[in-house]
Structures are given as C-alpha cells and as structure tokens.
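Everything below concerns the one structure shown next.
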Amino acid sequence: MNLLQVYEAVRQRSEQICQPLQTEDYVVQPIPDVSPPKWHLGHTSWFFETFILKPNIIGYKEFNPEYNYVFNSYYEAVGARVIRTNRGNLSRPTVQDVYAYRDYVDTAMEGLLSGPVSAELQELLTLGFYHEEQHQELLWTDIKYILGHNPLFPAYAEHFPQGEKLTGDTVFIPVKSGLYHIGHEGEGFYFDNELGRHTVFLHDFAISSSPVTNAEYLEFMEDGGYQNFRFWHAEAWDWVKNNQIKAPLYWYQIHNQWFNYTLGGLKLVDAAEPVCHVSFYEAAAFASWKGLRLPTEFEWEVAAKNFNWGRRWEWTNSAYLPYPGFITAPGAIGEYNGKFMVNQMVLRGASDVTSPNHSRCTYRNFFHPHLRWQYTGIRLAR
Amino acid sequence: MNLLQVYEAVRQRSEQICQPLQTEDYVVQPIPDVSPPKWHLGHTSWFFETFILKPNIIGYKEFNPEYNYVFNSYYEAVGARVIRTNRGNLSRPTVQDVYAYRDYVDTAMEGLLSGPVSAELQELLTLGFYHEEQHQELLWTDIKYILGHNPLFPAYAEHFPQGEKLTGDTVFIPVKSGLYHIGHEGEGFYFDNELGRHTVFLHDFAISSSPVTNAEYLEFMEDGGYQNFRFWHAEAWDWVKNNQIKAPLYWYQIHNQWFNYTLGGLKLVDAAEPVCHVSFYEAAAFASWKGLRLPTEFEWEVAAKNFNWGRRWEWTNSAYLPYPGFITAPGAIGEYNGKFMVNQMVLRGASDVTSPNHSRCTYRNFFHPHLRWQYTGIRLAR
Amino acid sequence: MNLLQVYEAVRQRSEQICQPLQTEDYVVQPIPDVSPPKWHLGHTSWFFETFILKPNIIGYKEFNPEYNYVFNSYYEAVGARVIRTNRGNLSRPTVQDVYAYRDYVDTAMEGLLSGPVSAELQELLTLGFYHEEQHQELLWTDIKYILGHNPLFPAYAEHFPQGEKLTGDTVFIPVKSGLYHIGHEGEGFYFDNELGRHTVFLHDFAISSSPVTNAEYLEFMEDGGYQNFRFWHAEAWDWVKNNQIKAPLYWYQIHNQWFNYTLGGLKLVDAAEPVCHVSFYEAAAFASWKGLRLPTEFEWEVAAKNFNWGRRWEWTNSAYLPYPGFITAPGAIGEYNGKFMVNQMVLRGASDVTSPNHSRCTYRNFFHPHLRWQYTGIRLAR
Amino acid sequence: MNLLQVYEAVRQRSEQICQPLQTEDYVVQPIPDVSPPKWHLGHTSWFFETFILKPNIIGYKEFNPEYNYVFNSYYEAVGARVIRTNRGNLSRPTVQDVYAYRDYVDTAMEGLLSGPVSAELQELLTLGFYHEEQHQELLWTDIKYILGHNPLFPAYAEHFPQGEKLTGDTVFIPVKSGLYHIGHEGEGFYFDNELGRHTVFLHDFAISSSPVTNAEYLEFMEDGGYQNFRFWHAEAWDWVKNNQIKAPLYWYQIHNQWFNYTLGGLKLVDAAEPVCHVSFYEAAAFASWKGLRLPTEFEWEVAAKNFNWGRRWEWTNSAYLPYPGFITAPGAIGEYNGKFMVNQMVLRGASDVTSPNHSRCTYRNFFHPHLRWQYTGIRLAR
C-alpha cells in the first residue's frame, strides 16, 4: 500500500469501530479514564490537522479554530473563556460535526499525499498512523466501558465473536540465566520508549505457557482472596476496601452465578477463558496466593518466543521506566512517552482489540496499577 | 379543555421545548444539579406510568421494566446489578427510545382518559401535570446550562427573544405593620408547601418596585464587592474564594467587556436588564453592600400585588420551612416537598421559563443558597 | 461584684474547667469543630489584649506579636510565612506559655480595671466576659469530645455528677393563638441576634412538658428509625448513610448493651435521662416517627415559662435568621453573629455546661443541622 | 557489647532524641506521614512486648491490653468500640504513661536478656533493634516537621550543628559497562529487601562526585524551573500546580531572601550546602533541566565506593521492586517490606539522622515520589 492507501485504511478503521454505535454512545464519559468516542474521532483528526496540514499547506484554513481546545489532549486556558468542564460534558460539536471535520481533514490530507512526500513528513505521518491506531484500541475499551456500565447492558453487536478458550496443559517454560538483548531493533516503526536497545542479565527463571483462566481466578475468589490482606500490597488493600472490590471489572453476580459483560452482551463467565480486566493489584495478589510471582518485562520479552501471546495484555512486575540511553525528542512530539515514566506498571503482549501494527514483543504498554478497563490478564513466573 | 386535552397539551409542551436540540444535547450532565433532557422526558413519563397506568389499568404491561431504575428520581440498588453511575453517563436508552416510551405511555393514557375518571384519579393526574410542568422549567434551565457551558456557545435558537428591559424609576413601596394571611386559599391547584393558610404579623417595611439591574450589579462588582468579606455570610465567603467567583453565572469577560450567555447565544451584558443567575449568597452580599436587605417570603407575598413580578425568581431571606399545620401526605406522593425543608432558601415570583400554571404569588420555590443555574434575581427591602 | 472581681471570676472559671486535664489533653483537635483547650485559653486572652489593652493602654507591649495569628479565630496570611495548618497541629505555644500569656494579660487588665472605666469600655468588657463564657461552654464540649473519642475513654473526673433524671408524667401544654412579643427586653446583657424585640402571631399549639428520654429514643432505634428513609430529610438520609449513623454521638454498643461516654467515663445508657448529643436531623426524624414535630423558636420562647428547661439545648424547627430590625454593628465586633445567618438551625434553652449568664429564654444558639458535639436534645410540639 | 547492653543503648538513644522536646511536641501529627513522637516511643515498646516478651515469658502480663490498638501500626476494629481517629487525635496515653510503659517493657526485657538467649530469639531481637533504629530516624524527621511547620519556628536545640558544606570541584566519575553484583553479601544484619544477591549488567555511565547544592538548585528556581511543564513528569506537574510548590520543603521567602528551617531554627539558605527536602518529582525535574538524569539504584550501588555519601538520602530513578529471588518471610514479621513494593522510588545512601547501623551501600530506602519530609537530595548521572 502506498501512503495514501495506508492513510485511508487507518482512518476508515476508526470509523468502522464506531459503526454499530448510537449517536448517544459517542457522547458520554462515565469515568475520567474513558473518553467519548466522538472525542477520539475528533482528536485524531486534530492531530493530522495541527502537525501535518497546518505546517505543510500554505494558506490552510482550519475547519474550526475553536476545535483546538475541544480536541487538544490537554485543555488550556484560552483568553477569558476558560470553562471548567470535561470531555463528557460537551454535547457540541455533534457527532455529525465530527464526521464533517474528519471529511474535511481527509480531503486536505488526500490532496497532500497525492504529491511528493519528504522523508521528514513521512516520519510524522507514520507517527500519526500509530497515534490513531492507539486511539482505536482506546475506542474499543472505552466503548466497552460505556456499554458495560449501562444498567441495560446493551450489546455492541449481537454475535460478537467470543474470547479465546484455553485448552491443553499449562507448563512452566524454563529460561537459562545469561545476557539478553532488550528493546527494538531493526526496521519498522517503534515508540521512543522501546529504545535504546540494550543488554540485561537475567537469572534462571520459568514462565507459564498460558495465562491464568477464569476457573483459576474463581478459585482465588472462593478461597477468600479478596478478604485476606496477606496477598495484597499495602495500597492495593486500601484500594480493595475503599472500592469494595470483589471480582474483576465487568463481573456481576446474579442469582449466585457470575456473569461478565462482553461486547456481545452479558454472558455467563466462561471458565476456560483467560481472566481479563484485572488490575495489577489483583494480578499480584493472585500470584502471591499461588506462591508464585509476575514476570519482569525483561523476562517476558526474552521468553515470549516460546509461548502464545497477544490475546490480552499481561501485567509485569516492572515499573515503567526509561531504558538506558532513552532520549526525549525535542518539541511537542517529544512529550510522547517520557513524561509518564513514574508510578505506572509495564504490560506486555497485546489484546484482541489492539491494532495489528502494535503487536510486537518489544512493545511497552503501561497503566497505573489500579486500572482495569483495558484487556488486562495474568501470566505467572517463578 | 377536557382532561385529555390538558394531558396532551402538557406533554407536547415538553417536546416542543426540546425541539431545537441536537441528539447529543439530550445526553450530557455537566453538573449534578443539571439533568440530561432525555432524563426529564423519560422521568415524567415514568411518573404517569408508575402512579397512574400501573395502578389503574388491569394487565398493564410496562414499556420496559428496567426503566424503573433508569428514570426513578433516586437510583436504588436492584439485586446484584448495582452500578455506580449518574444520569449523564447513560447513553441508553437513546433519545429515540425515550420518545418511543413517551408514545407508549401517551397511547395508554389516552385510552384511560377516554373513559370516566374518578375524583381521586383526577387529583393524581393534576399532580402529574404540575410535575411535568416543573420539569419543563428544569428543561429550560438545564438546556441553558448545557449549551452555555460549551466552549462553542451554541445558541438554542438564533433569534431567541431578549429579556425584559427595566424602564422608569424604582421606588420603595411602604407596607404597614399588621396581621396578614399567607398561603394558598380557594380553588385551583397548589403544592402542599403552600399550606396551611395562616396568619403572620409583619412590622412596617418597604420593598423595591423593581428588581436590581445589571447596571447596579456592575457597580457592586466594580466597587470590589467580590473582594470584601464584610458583605458576605461566612460560608458565602468560603464559596467565593474556593470557586473564584467574580460575576454572575454565564458572565464571561472578553477583551474587558462583559458578555453573558443567553438562549440566543453570547451577547453583551445589557445594563437595563435585571441581573440574573445570582446565588442567594450574592443577592445577600449585594443587599448588604447597598445597606439594605432582602425581603422575607411573607413580606414579598403581602406586597406582591403592588409591583410587577414574574420575569425571574427572587431570593428571599426566608429559609424553606413548613407552614403551621403543614401535613405530609401518606405514600410516595407525600415525599414531594417536606423532605427538602432544611438548608434551602425560599424564592418567590416566577421566571421567563416558568410554566404558566406555576406563576402565583403563594408559590414557594426553594434552592440551596449557592445555586445559580435557575433564573434568580434580587429585589431589595428595608 | 465590681468589674475587677467579675473579670477575675470569669477568668478563673476557664482555668478551673481545665484543671483536671493532662497537658496532652490541651493540644489535640480530633475534628475541625473542636478546638484544643489551650487554644480557647489563648484566644480569650488575645481578645482582651487586642480589643481592650492595646487601644486603651498607651505603650502597651504585646506578650508576643506572633500570637496574633496563632490565637486569632481566622488565620490570615502574614507575609511570606503562611503555613497551612490547623489548631491541632500546633505544639507551641506550650500550655505553660499559654498560662503565662493569661497571667500577663490579667496583670495588665487588673491595672486597667483599678482606674476609672468609661461607659464605652465597660460595654466592651462585658462583651469580653460573655465571649469568654461562650468559650467556657465550648471548653466543656470540646474536652468531652477529646476524651470521649479516645479509645481508652478516660474520665474527666471520676465522680462527675450524673445528668438529670426525668420523673413524672409528660404532658402537652397548650398555648393559645395570638400576638406575642419575642426577643430581648429590658436591662441585662444580650447578643445582637436577640434584637429587635418584635411581635409574632402564633397559631394554637401544644408543647411537651419534658424532653425526649433515652428510653423513647431507644424505641425509635429499635423500631428501625435509622433504616427508614421516610422519617428523614433528604440530606439527612445522605448523612445517615454516608456516616453510618446508628445512634447518638458517644453511644457505643458493647456486648449488645448500649453505653455512653460521660465526663465520668463510659456508663450504661440511663433510660430515664433525656437523650443528648443528637443532630437536628435526628431530632426531626424522631419527631416524624412519633407523628409530631419540633417547635419553632417562637413557640419555644413563648411557652418556656411553663416548663422546666436548661439542662440541654433543644433543637427548634427554625432556621437561624435575623429578627426584623436586626442591625450589624460596625467594626470587627459587628461581625459577631450576622455572618452565620444561613444554613444553621436555632437551639433554645441551655445545657449543664452553659455558663450561668447565658441561660435566658431569649437566647438564640445555632449550629449546622448535622452537628452533635454540643449537649443537644429534643422537645416535641404539635 | 553484649545483647543487654545493645538493647539498653538502642532504647536510650530513642529517649535521648526526644529529650529536648516539650510535652506538647510529643502529641501532634500535622500530616498523615508524620507520627507523634510519643507514638514512636510506644510503638517500638509494643514491638518488643508483642513479639518477644509475650511469646517468651510465661505468664507475662501486658502493661495495658488496650495499648494493642493504640500502638499497633494499623488500627484494627476491636469489638464495637471502633473509633475513627488518627494518632494525632489521641491525648492519652500521656507522655508520662508512655515512658512508664517503656520502663515496664525494659525491666521485663532486662530480665529476659539476663538469661540464655536462643539463636532464634537473638534474630528477632536484632530485628527489634533495627526496627527501633528506623523509628529513631523517623523521630528526627517527624520532630523536624512538627517544629518546622509551627508558625513560631521553635529550634529543636539552639546550637544544633549545621549541615555539611561542599567544597572542591564536582566531577563525573565514569564506570565501565559489565556485570556487577548487587545486594547484601556476607555477615551482618540486612533487610529482606536487600536480597537476593544477584547479578546485573550495566552499560557505561558516569555519576557525579557530589550532590547538587542549594546554589545550583536556586539557579533552577530562578530559571523558572517550577513554571515550565517540560521538565516535569505529567503527574509531577499536577502536583506542582495543585500544591503551589515553589521551593523545597522548609524554605520560606522573607523579604526576598530564602530562609530554611533547620533543627537550629530558621536560617538563611546556605548556597554551599547540598539541597535537601526535595521530592523525587523535583529531583527528576532538576535533572531534566540540567540535561542529565538520576542514576539507577544499581548504578549508585556499583559507583558508591568512588564518592562520599551518607549525609542525605539520594533519589534514584529506580522503582522499589523485589530483587530476583526475593522471598517474603512467613508470619507477621514477613509483612515487613514486600507489601510496599509498588508506586515508590528507591533512595540510596543515608542522612545525618540515619542511625549508624543503617548506613551501608546495599541499603534500600523507599518513599512515594511526592514526599519531602525525609532528608532527600539529588545526585546526577549521565
């Protein structure tokens, strides 16, 4: 595919994800971590308009200058009209306005991409593609939260394909101690946080060939896992008590049976599926209950060629920190990853809703340890 | 008009108010005091369904039993599916669903009202009408908040009629001390809080013939009214400082000029209009700055025949408390007003967006002293 | 007694109240409403120093200029050394320092009061006496809170006299409708909130000859009073649920028996004593459960000569608002009462720990409706 | 020294630290991170009583069974007498009671240590010594906070020795890439978090021979370091804005000069001293402003033999996580460190107030990244 085709494919994919939604589903923001789908659609367009169209097309006229503070990631005070609000309080621009905005940007982009494209611009375009693909994953997770926390539990699609079922035996795969190379290498896109490529020394370890299942997690629950402080980090225990956590996110107990909300609607929990939507706190408590531990992100990366992964993100016991030689790029683009490198934990792998280009074994995802609305699961090590 | 015609007129009026809205405007809830318009439309239908259709039509089938906890004023825990959310987080039922719900309820109601109607049912129906009319006023004020706190400041209607302009001199109307009768008397609908009709003794007082104008309020602002704690109640001063209050709600200073949001869009503040969207705290501080005071609700009611009122609610210095002989009706309906009789202040009058049947000089409106999203103004006494 | 003797008596009484305390008891502030005893001792001295000694003694040298922002009621930013703290975080000045401060002020005051005293100064002195007496009542209630919320439940004094026991029948005393005079009249000290003397019209009512007992309140508790929202104001119900309120303040259930903390230590709840330490919310809910109501402050004042009162404050159903003709005095002294006239309810009567001069039937006490650390009880009306 | 002598020396050191305090200084808790000194004195005694005396002396009678929930680190619900409070709200036990408790425990311990001591008991004793020594450091930092946030700024001791002054040139010490051994080895006491001894691979790096001085930090401040979001982690920037952070803790600007509170009182900031009382956020922002970075804890440990350290804790860019092979000991003692291994950053070194036995280059201290009341400084790497 040429650049124009790639551009169009990326852009269309965002809209396809939203195709089953009702207008109202585009608007709400039930928790701060979740953004309204129309915001994702507008923000990714604003990114192309701001970083590519405006600097590269002489006389480019913005679709609407006010969109700068509607679709910028961080609201800034603009003159005296500062209004304390958040994304979920904004009924305007409407969904139709946002699609008109996308069309407007797409037309201008298609014009730009019909001509010659400098290497520098190409690099920025690629970042724009990956940026929109990251928001595609957030579209999935945010849509799930919006529908899955509505008391009517509407399905995203009636016959949404079910999750992976695990079959066969789980074994622990041993890895020998020694020096290993970590981080991105070679061609292809990567994020700044995957650099620099570097060496680590690992001690002997073993890692599970499959993720923890719902059946195993139910055992933990039934054994009083959520009631016994010994399994939990001190602040995890506070989190459990303050939020009365008793099960993974999206699990609802109805007439003594556990259901979980899926994009196909409310379903009985399937014992054979990997447990999903758990926090780092829960992952670590489960491991502790098992007498095992979570792998580090280095162990995971080294061992990943020996097991199947990619159906859901896996919490590691590594904090999200820079690799040796990490450099923050100059300018606004440089803000991308470094500023989040404190108080978050690394996840490795990918999930059913991860965009295909984002599935590689050096990819470093990261979230705060209490968050659960991503597709997050558990793999054990020892 | 017969009962059926009244029913239809009331119901249509709610929908007419919403007619200029975009679908998205029906959904959001920028502050807890504001409800999404689709919630108002659903809740008023739920009221007729729950209190009239279900008890009076044998075999009545609810439109959707789940709507009980979506459109009830107070969410209750229903089984294990308790979900912490609020009205503005719910994308479903959609706007279209809500209109279908209204149609369903209206059809059933029309059937019921085609037959004979008992006196008891007629009383309940009247309460249903007044209930929906109260929500019509909230529809106006909530729509104004939703649009007026959007950074794009969309107009509700391009040529929305402007507010009242005050002309002529303001005078203080004297009222002699003596015994006066207070509260509702005679035929016609009234709320329980307007009873019992009773006697109060008032001392000599005088009350202004017109409300305070924007011009007068700007003087207070320019004289440092918001910076001098002496004019304010102790907790009002905390409110001013914690929320950095500097002007009435909907006022924005742009290039050193004061604009205010109106349903016709952002306009220059008109000096001749009465000041609107001020809290009780601001009303009382303004009065203190003037060396005057707010009237009590009894003074207001006694004097009201001597001045024009009804274009905006007027804060009184009376707390919202029961009249002598006030009785709480039994059952759910009885919850109506009495449970709010603490920590709120009485407003008298009516506003441009009050439903016509709700404009009478014994009507007692009430809000917490810090609230400003209603059409609230100031009349002075001494 | 001459002025000097009165001064000395008032000042000694404050110190006598603190006499059984340990040094540590003077220091802590378990909730914002409670002040450390050493703060009360310092603040009342600061009042005399600031309003009497400094303006009236040429060349008066403050004990310590820094005490201005330690013992002022409201911390103000002083230069760049603003420190966010509260009274309970301050270990210095020490208790010994505070007593030295009292001695220093007393010596200067005694000098001043040995000479002639102008009428104006005499008025200010009287305010200072009443101010200190108000703080004496707060010393009692704050000391009770400090000791009664300590897990060791130390007694203030081993053989502290018990509360009043109610004997005899409770009857409802009828009062005829008509015009009554309300507010302070004649000689003697009064607070600005007791003015102006004015006329009210009251309808027929009846008021209980005795306050509600613990036995009656236990009936309410055992009948599920705290579990049934129908008895409660809407925001009272939120308060009950958010704070898991199940009994009056200081009540602890141990092995299925109810104990309450008294200044003599933890004791079995005495069924014959009047219930104490309830909020307005609880008082109103109890009345609602009984099918009765609380009296207004006017009803109370008019009826008070017909029953015994004064052993504990009684919640009325009147909000704390100015009387007709209320005038705020100019200057800092004028701030005294008017600024609290919003969102508080009036209490009438007096309690076991009220200073003798503060027990009169026109006295208006006031607190927010959720507060319970004062000696607050219930008298019913109908 | 024999065990008894060691015991007595440790115990006396805690009391010596408190010797200059006033009774009131023992009581307050201005922020949750700071504990009242009397709590430290009681808690360390409770540790010996609970883990050594009760299991080892038949018929041992506790000093006061209620102390279990006063001096336990984590308040637990005991029967129905649960009282929501915190350590700074407790006036009892008094300081005198706490010293009596220490005497009681010391007498029993001296009895026990006069006889033969098993190896197992000796291990537990050693933990008790180290535990009390850790609390000795907290006594210093907490006392400093209590006095340094009092508006009177009382000195702990009039002639408290000043901090270290830096002289001579700062150079960057290079370290070659390669395999290094990390963690405790050999005899002597260590905490569980210093295990297991393991190998890491480090890339070439260089580390500064001296910590950052106040002079350098003032440059950062004067260059607008606290106003420019580019230097800060995203959540650090929120912290700066929400708390209006403008300088290290204990710094106060008076008449355009910077003072800092020291245990000798308020002093002009000394440009030649190392900057102290900065958060991880500030340390990282300073490094970013310099175009440098903080060392990892492994770099620090490897390089530590080449520079002077030990006068204040140094923030590293390593999160506090278990070493390979880390094992949680069984039982209550096993809770010691592992449960804190999330959301905290490692500090290396020691400070002027660290107990002598706690100063070793494998020691891992840890705090949340926003905390500043410990003696925390900055060393740079590249």
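In this document, chain identifiers A, B, C and D correspond to the written order of the chains, with residue numbering beginning at 1 in each.
In the analysis below, contacts are C-beta pairs under 8 Å (C-beta built on N, C-alpha and C of every residue); 3 or more make two chains touch, one makes a residue touch a chain.
To keep track of the chains, here are their UniProt names: A, B, C, D = Ergothioneine biosynthesis protein EgtB.
This structure is a prediction, so every number in the text was calculated from the model and none was measured.
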{"item": "Mutual neighbours - chains that touch chain A and chain C alike", "value": "B, D"}
{"item": "Shared interface partners, meaning chains that touch chain A and chain B", "value": "none"}
{"item": "Chain separated most widely from chain A, comparing mean CA positions", "value": "C"}
{"item": "Computed distance of Cα centres, chain C from chain B, in Å", "value": "37"}
{"item": "Centre distance in Å when chain C and chain D are each reduced to the mean of their C-alpha atoms", "value": "43"}
{"item": "Intercentroid distance (Cα basis), chain D paired with chain B, Å", "value": "57"}
{"item": "Multi-chain contact sites of chain D, meaning residues that touch two or more partners", "value": "none"}
{"item": "Chain contact topology (line, ring, star, complete or other)", "value": "ring"}
{"item": "All pairs of touching chains, each written as two labels joined by a dash", "value": "A-B, A-D, B-C, C-D"}
{"item": "Sites on chain D touched by chain A in the complex", "value": "179, 198-201, 203, 205, 230, 232-237, 280-281, 284, 293, 317-319, 321-322, 324-325, 328, 335, 339-343, 345, 369"}
{"item": "In the complex, chain B residues that touch chain A", "value": "22-30, 66, 69-70, 79-81, 83, 85, 88-95, 146-147, 149-152, 154, 252-255"}
